[in-house]
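The following pair of complexes shares a single chain, subunit A, combined with subunit B in the former and subunit C in the latter.
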Partner chain A sequence: MNRESAKALAVGTLGVAAAMSLAMIASHVSPIVGFNAFFYGAFGGKQQIAETLASTTALLFPALGIAIAFRAGLFNIGAEGQLLIGGLLAGWIGTRIDVPPAIAIAAIFLAGAIGGALWGAIAGWLKAARDANEVISTLMLNFIAASLALYLVTGPLRAPDAAGPELSLLPHAYWLPTLLSHTRATIALPIALLAAFALRYVLNHTWFGYRLRAAGEAPEAARRAGISLSSVALWAMAWSGALAGMGGAALVAGELHRFNTQLSPGYGFIAIAVALVGGLEPLTICVAALAFGALESGGLALQAAAGVPKDAIHVIEGLLVFALAARRYLGARGATV
Partner chain B sequence: MTLSLVLSLLALAFVRGTPILLASLGGVLSERSGIVNIALEGEMTAGAFAAALISYFTRDPWIGAIGGVAVGAGVGFALGFAATRWRVDQIVAGMGINLICTGGAAFGLIFVFNQAGVTPQVPAINQALWPMVIGAIVLAAVLQWAIARTPIGLRLRACGENPHAARAAGIDPLAVRLYASTIAGALAGLGGVFLALGELNLYSDGMIAGRGFIALAAVIFGRWTPLGAAGVALIFGLLEALQFALQGTIAWLPSDFLQALPYIAALLALLGASGRYRPPAAEGKPYP
Partner chain C sequence: MLDDVDLTCEAGEIHALVGENGAGKSTLAAIAAGELATDAGEIERSGRIGLVHQHFALIERLRVWENVVLGHEPQRGGTIDRDAARAFVREIGERYGLEVDPDALVESLPVGIRQRVELLRELARDPSILILDEPTAALSPGEVLRLFGTIALLTQRGVGVLVITHKLDEVFAHAGRVTVLRRGRIVEERPIAATTRERVARAMIGGEIPSIPAHEPTHGAIAVRVTDLAVTGAIENLSLQIAAGEILGIAGVEGNGQTALADALAGLTAFRGSVERPSSIGVIPQDRLLEAVIPSWSLLENAMLGRERAASAKPSWRIDRAAARTQCTAIVERFDVRATSIDAPLSTLSGGNQQKLVVGRALIDNPAFVIAYNPTRGIDIGATATVHTELLAARNRGAAILLVSFELDELFALSDRILVIARGALRGEFADRRFDREAIGRLMVSA
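Moving on, here comes the complex of A and B:
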């Protein structure tokens, strides 16, 4: 870690701590009591650490996916929809197959990846074939995904045992093994970490990664060098969606054990912040996801124990993104988007 | 279909379209000045929440309306300031603002009213609904004229197309962009006020429901012109109104499809509109 990023980390941490203190004082909670509740909620015991790791996992998959698209110069705001469609396909496959558990879990993750990839590829194709603004298309696809999922689980895929907008429960054998017994921390976390290392390798050491970065950093030069920007847009969006969709599969098989349309409380949006705070580097994103995971689970504990609304955490996350956007350009003259 | 049914459908279309229209006018202004405005959603949220909050405490909905517009303008100023003085990536900053505004409103609900999700009922200005609808359409026409035909409009466009040339002609692009972004925030805030105090008499979490993003789509389909954006916003309003009108009338058409109708329409429009949309040349690029 060089000196500048150490400084940024210190300033960021202090800023978050200051903002949290303000939120606590505004809610008539002593910061000592508040931080105590927060840290206990994030790291206080096996159960708490497991909650933090579960949130970390849920954010890490879509954040890695978002990093792929952003590195290719594509503002994929659609991770939430890609996660939902991936989770839907994963939850459907999981109730339809009868195979050994290891194969079933692999199939569930594959289904999640395919679902997310197809949903991401729609925006990628629109960009490639029709030069459609991906910010708009991915946003619209989020809404369409929510409606489509709701229609399918309340209509054609309606489950006899469903209590809400959800599919049937997965067979117990297909539930992801836990890392810590009786908690929500599952083997999805090491799978996500593996994906991060794989992504780092692909981005830095493969022809696909090279073309992707070239298209993102200097599109005109890349085009003149014979790189097809259309093909990069299509595949970057598909892989981006695939990772978000695996996040949906992890939530289905690891936490809810069934698909529910309320699967994600906005993980796909917070993951944008995670990816940006992680500097779009896969391994740094892992660290950022852990920090945001701790913010999520500690924030819940803060609300339960001290009555500080959890939404304060989202304000702080937003401030962090805003400050980060500013930092990147404060000293860099002549830089463009 | 009877005439009265058609008329009530059209009336509903205008009412549902107006908040989108107001925000899209803000979007046109800021984007023509060169600032990508993905923060319209957050600005609408801030405006709606502030309007309900202030109306609740002052018991005067007009002060609430003014407060909502002012808070929207404040958020627009923050985006503009960051975009001009700090040279931020505007899409990233806009997403940060959206997180702050939606999180802040949810936090404020619990903090002020000690209840999640929704404010108590507040004094509203429902009687001003139609004057606001008509006013919004007139405003679109005025802005169309002002951007195309007045010196101020020329300066605005110059900053969005070529800020360096504008600078050479003695215009300060940073100041123009800051003003445009602030006014954009005020207009989006007014859209939020229209929802919270015009149509309803409260603020509830998620009430903006993506209208800020729909407004952004209206800006693009309206080719960055006020009248174009206004027309598209009203079409979105019509699609929303159709949802209500068609609900339950056509058995084979699922209601979820109707809910997704505006978004599907936007996607199809993107599909059919290849290459016909040229954004302002310097949009999104920090200056200098």
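Moving on, here comes the complex of A and C:
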């Protein structure tokens, strides 16, 4: 964890705590009572901890993916769509194969990664071939992903046992093993942590990671040194999407046990905040994901116990992204003056 | 940055402030103009001090008159009086020989004209002292003369002009007084008549002037052959050859096709025609901070740029850190890059030392072809001597070198042959080191 990311994390934590206090006071709840309910909801028992860890996992995959793109200088805000397409392919593969569970789970994650990678690569290709602004293309691809998924599950892939916009249930053997019995905390969490360490290695110790960072940091210097910016854009977006897609696979195999178009309540967007709060450093992002996971589960408890609307938590998360984005933008501008 | 500096600039004088990069010249200028605060000491100003930065501070998307009147727009009933603004720009332009179309968009103007706009903007505020920071860095010889003509008009009207530069030619041709700054201290201040070039140069670097090796003619086979090269909007049907062991200098005013030529030869831009060149190539880009380095990264990571995928690495996806460290250390030692550590951020180095790293990175593998684009722009005398020595050493090893430079002195010192480029075409050739400054200057501005 470098100094910059540690600072972002500290500022983020304090900012969230302050904003939460305000939200509690505005809801006529004493912050002491409120934080008590919040921390109980996030860490109060096995079930609460498991909820926190499940949210952490769901945020960590796309946040790591977003960090890859951001480090390459690409503002991928399409993690939500990449997650959805990854989940769709994962959920489809899971109902189509008949292999030993370990292989099936590997195949489900691989399918998620491929689905997300393909979806991310579309924006990467548009950037590389046509210099299309990736903010616009990834944002729009979110909508296309949602419509495409809905069309497929209600049309060509329609499942006989579906009660809604969803695919068939995965065979029970393919469900991800849980870390804590009868909870939503699954082995997807250690897989995500492994991905974080792998990403750290790739960024710092491989030529691909070096090119990616160089392209993000100083595109003109990188280009003149012979680094193909098109290639970086394409592969960075593909890997970015792959991680988000693995997040979709984790939700399919670990929580819903089937693909549903309502798979993600916006994890792909909250993950942008997680990546920024984590200073775009993989290991710091793990800490940030835990903090946001706690916000998610604690926020629910806060609503149930103290009547502070859960939306207030989302407003706080949004403010945090806004503040961090502004800081980054102003910081970047200040450096060039 | 600065320590106990006393500097005066009197009405009607041209005062040159010289010093190596990092000596504190620009800091001093910013303090004098009130853009930076001091820790101690005071500034006395009689009237306004205008400052024209080395890197222009114009708004590219606005028109000339909009840039000039920005902040004190002539008004008429709550709106900007455009006609008055245009007339105002024309009037000061005529008064000081700075004619510019008031309605031109700044982004469409070449560097020399932008500087006029920059000058107009400061003159519009009627300064009593005008500070020019490296005003001739991007100007042709003709434009330099024109600029000093404008400066002379200003001094006649009682404006004191402080010119920050490291070009001693200009100092001795135009200034009345010279102050030498070294490491944030003033080490010399004299009227021009009471000093010499050598004395000022020694004061700038605090020692003897490094000499570069003698220029022995070498003969080699043609290494680079360019035939009918064309780059859309920049060059037309350009043909040239460079022999192994030859430095080919390209003289020209900035923006006449040099960038396209260098980029085409480096394989960085699309072109028509044929380019035959060796595959081992070293490039020294023209804009160090934007095109050559990543300032926030360490020396080590910067030295790896473009060579991060080393053949020696096992497994093949890894970066061979040990090899990279060895190589970076070799560059630092051979090219005299002064840094506390190769793990220090590059931004902690002076411009000259950063450039030595860039040059070292381009030359360390002994490439057969070198493209050097203004390799000593904005760096100090000591670093310039190192860069020149190394380019000549590369030539003597048999490298073909394309040297694009806006400094005729540099071209004359290094080139075996000079081609003059103007408006995207070659206008003249000067071989066997028989260079004629007047003739080259004329060809540079030929239509």
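Throughout what follows, the second predicted complex is superposed on the first by the 312 of 337 C-alpha atoms of A that agree within 3 Å, B and C clash if a C-alpha of one lies under 4 Å from a C-alpha of the other, contacts with A are read in each partner's own complex, and residues count from 1 in each chain.
What we mean here is this: contacts are C-beta pairs under 8 Å (C-beta built on N, C-alpha and C of every residue); 3 or more make two chains touch, one makes a residue touch a chain.
Because the structure is a prediction, the values reported are computed rather than measured.
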item	value
Overlay on subunit A: subunit C relative to subunit B, clash or fit	clash
Subunit B versus subunit C as contact partner of A:E220, first or second or both or neither	second
Contacts of A:H172 with subunit B and subunit C, given as first, second, both or neither	neither
Residues of subunit A touched, compared between subunit B and subunit C (which is higher)	B
Touching partner for A:H182 - first (subunit B), second (subunit C), both, neither	neither
A:M140 touches, of subunit B and subunit C: first, second, both or neither?	first
Partner chain(s) touched by A:Y210 [first = subunit B, second = subunit C, both, neither]	second
Against subunit B, colliding segment of subunit C, chosen among 59-67, 221-229, 239-247 or 293-301	59-67
Common interface positions of subunit A, toward subunit B and toward subunit C	none
Subunit A - residues contacting subunit C, complex	205-208, 210-211, 214, 217-218, 220-227
In the complex, subunit C residues that touch subunit A	266, 268, 283, 285, 290-294, 296-297, 301, 304-306, 308-310, 313, 317-319, 321
Residues on subunit B engaged by subunit A in the complex (per definition of touch)	38, 82, 86-93, 95-104, 106-107, 110-111, 116, 210, 213, 216-217, 220, 254, 256-257, 259-260, 263-264, 266-267, 270-271, 273-275, 277, 284-286, 288
Residues of subunit A defined as touching subunit B within the complex	23, 26-27, 75, 77, 126, 129-133, 135-137, 139-141, 143-144, 147-148, 150-151, 154-155, 269-270, 272-273, 276, 309, 311-315, 317-326, 328-330, 332-333, 335-337
